[in-house]
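We call the chains A, B, C and D, going by the order they appear; numbering starts again at 1 in every chain.
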Amino acid sequence: MRLHVPLPLRWSDVDAYQHVNNAEVFRLLEEARIHAFWPAAGEDAPLTAVLDGRPGGPTMTLIARQEIEYLLPIPYLREPVDIEMWIGRVGGASLEVCYEIYTPVNVAPRELYVRASTTLVLVDAANSRPLRISAEQREVFAQYAEEPLQFGKRR
Amino acid sequence: MRLHVPLPLRWSDVDAYQHVNNAEVFRLLEEARIHAFWPAAGEDAPLTAVLDGRPGGPTMTLIARQEIEYLLPIPYLREPVDIEMWIGRVGGASLEVCYEIYTPVNVAPRELYVRASTTLVLVDAANSRPLRISAEQREVFAQYAEEPLQFGKRR
Amino acid sequence: MRLHVPLPLRWSDVDAYQHVNNAEVFRLLEEARIHAFWPAAGEDAPLTAVLDGRPGGPTMTLIARQEIEYLLPIPYLREPVDIEMWIGRVGGASLEVCYEIYTPVNVAPRELYVRASTTLVLVDAANSRPLRISAEQREVFAQYAEEPLQFGKRR
Amino acid sequence: MRLHVPLPLRWSDVDAYQHVNNAEVFRLLEEARIHAFWPAAGEDAPLTAVLDGRPGGPTMTLIARQEIEYLLPIPYLREPVDIEMWIGRVGGASLEVCYEIYTPVNVAPRELYVRASTTLVLVDAANSRPLRISAEQREVFAQYAEEPLQFGKRR
């Protein structure tokens, strides 16, 4: 099952080339993770019940690696882009989050702008040691598991 | 031969985790490319003689893919980080730029924060078609050629 | 009449002090202006019928001055902040936009985070000369006219 | 006496209008304050001996208000802009920092891009109460005292 996160762009995401800046796309992915992984009042966010990485909490989620393919430039859009997210792999203390960024839901034809993945490592905030992913966490992650992205532009 | 770009951080690169934000690292890599690829008065920037991707010019350099491994968190530093850059591959119309971000040059021991690569595609600004890399460009790029990065955290 | 723009924060707006960064607040105001002044499909944005400042268009809106008072720090919030906007003054070629940023609409008690104003100058994109505000524009602006902000912290 | 802070721009400071974004200018001012107010190894920064506002320290410096006049658009520049800073007023627990942003030092003619001021309030990080500025601090601040900016575009 994929999570769908509608994410509004800002005009300041756009750079002098008139497209969403390549670095800013990682801000969008970060915000999408936060929407999926952090609890919000009244929202159905089951992942946050088992993984809460907010600053000051007991668990830190460090980013170990990221990979991205830009398929189409993203223009400034007034409607939120449609980010699909799922979990591609679960390791001993790590998690691969996969994303696809699509045109806003009410725009036709639907087009894929970006494919990306982020490997997160769970770390104990007290001593910086990797935190083994628990059986309970695995069970929740399994609900959002799909095949990891195959990146076509790797050499 | 590697290019060395000393790049000052800004305090605003640091996020609520007190480290340079993962997306902001791509801003640093972008700025490093600009220092290497864009002409500046009185600077020795041979690459810019054969590739000038500034907005409004005849050539656009689109980013097709990026890959990054974060080895150590980057704290706020008052001295510029030391970015090493080289060209890992030259294709028909594309270029793989490789980077390593190190501690400032006067800091011991020297530590590697980040390894990353960016694949650029050269495009004709007038018609958006890929631009074949010329023999003259290849000759200049060859001066900065080294083995492409091998990413250790790929699965 | 005031315009109400609900504007979602991003986690990256927050800096190492765990509050929305002072500079980032100006990004929020910018985005609020764009929501008010730029046309969007299916939205009721009467201001945009008489003032469209998008890059590449005939009119540029330059910012001449800004003033801001930070009353309460803004934390990271999952609900959009509530930005009220109105036009405090209309000059020969200039416009003073006033703003108040409030807690999200569903949060009690309602609190005022920020009061700010921006003076825009309308400029002809072709020759950079100030553009006289027309009678038609004045009529539309008049619908959103209220007393300009009185800043309490000026000395 | 004014402090001179040379501050490198980044290409990402530039927005779709091809000028340094209005909000980004506040990032530059923030970075200039940090250069002036935070200690750096081997640097002559007398202000930092009496005021160290780094996150986690005993003193927080909150921003109460800011005011800015944009006189000329700032293009992307490869040479650092020249920021002049001084202290315009010292209150019981507050400080008004004034700035002028000029063309890089080796560029003729010298032009003034921006005039701005920031009012900082010193707060006890433990209990959020205003911290009275000490006699020792006043003595150091007095070295950088000049007339506060007179803003010409206020109405």
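One rule holds in what follows: contacts are C-beta pairs under 8 Å (C-beta built on N, C-alpha and C of every residue); 3 or more make two chains touch, one makes a residue touch a chain.
Chain labels with UniProt names: A, B, C, D = Acyl-CoA thioester hydrolase.
A quick note: this is a predicted structure, and the numbers were derived from the prediction, not measured.
*Asks:* Count the touching C-beta pairs: is C-D or A-C ahead?
*Replies:* C-D
*Asks:* If contact pairs are compared by residue number, which of B-D, A-D or A-B agrees with B-C in over half of them?
*Replies:* Overlap exceeds half of the contact pairs only for A-D.
*Asks:* Roughly how many whole angstrom separate the Cα centroids of subunit A and subunit D?
*Replies:* It comes to 36 Å between the two C-alpha centres.
*Asks:* Averaged over CA atoms, how far is the centre of subunit A from the centre of subunit C? Could you give it in whole Å?
*Replies:* 30
*Asks:* So, what's the distance in Å between the C-alpha centres of subunit D and subunit C?
*Replies:* 24
*Asks:* In subunit C, which residues are in touch with two or more of the other chains?
*Replies:* 11-12, 16, 18, 21, 23, 27, 30, 55
*Asks:* How about subunit A: which of its residues touch subunit C in the complex?
*Replies:* So the residues of subunit A touching subunit C come out as 8, 10-12, 18, 27, 30-31, 34-35, 38, 40-41, 43, 55, 78-79.
*Asks:* Can you check the complex and tell me which residues of subunit B touch subunit A?
*Replies:* It comes out as residues 16-17, 21-27, 30, 55, 60, 62-70, 73, 89, 96, 119, 148, 151, 153-155.
*Asks:* In the complex, go through subunit A and note every residue touching subunit D.
*Replies:* 11-12, 14-16, 18, 21, 23, 76
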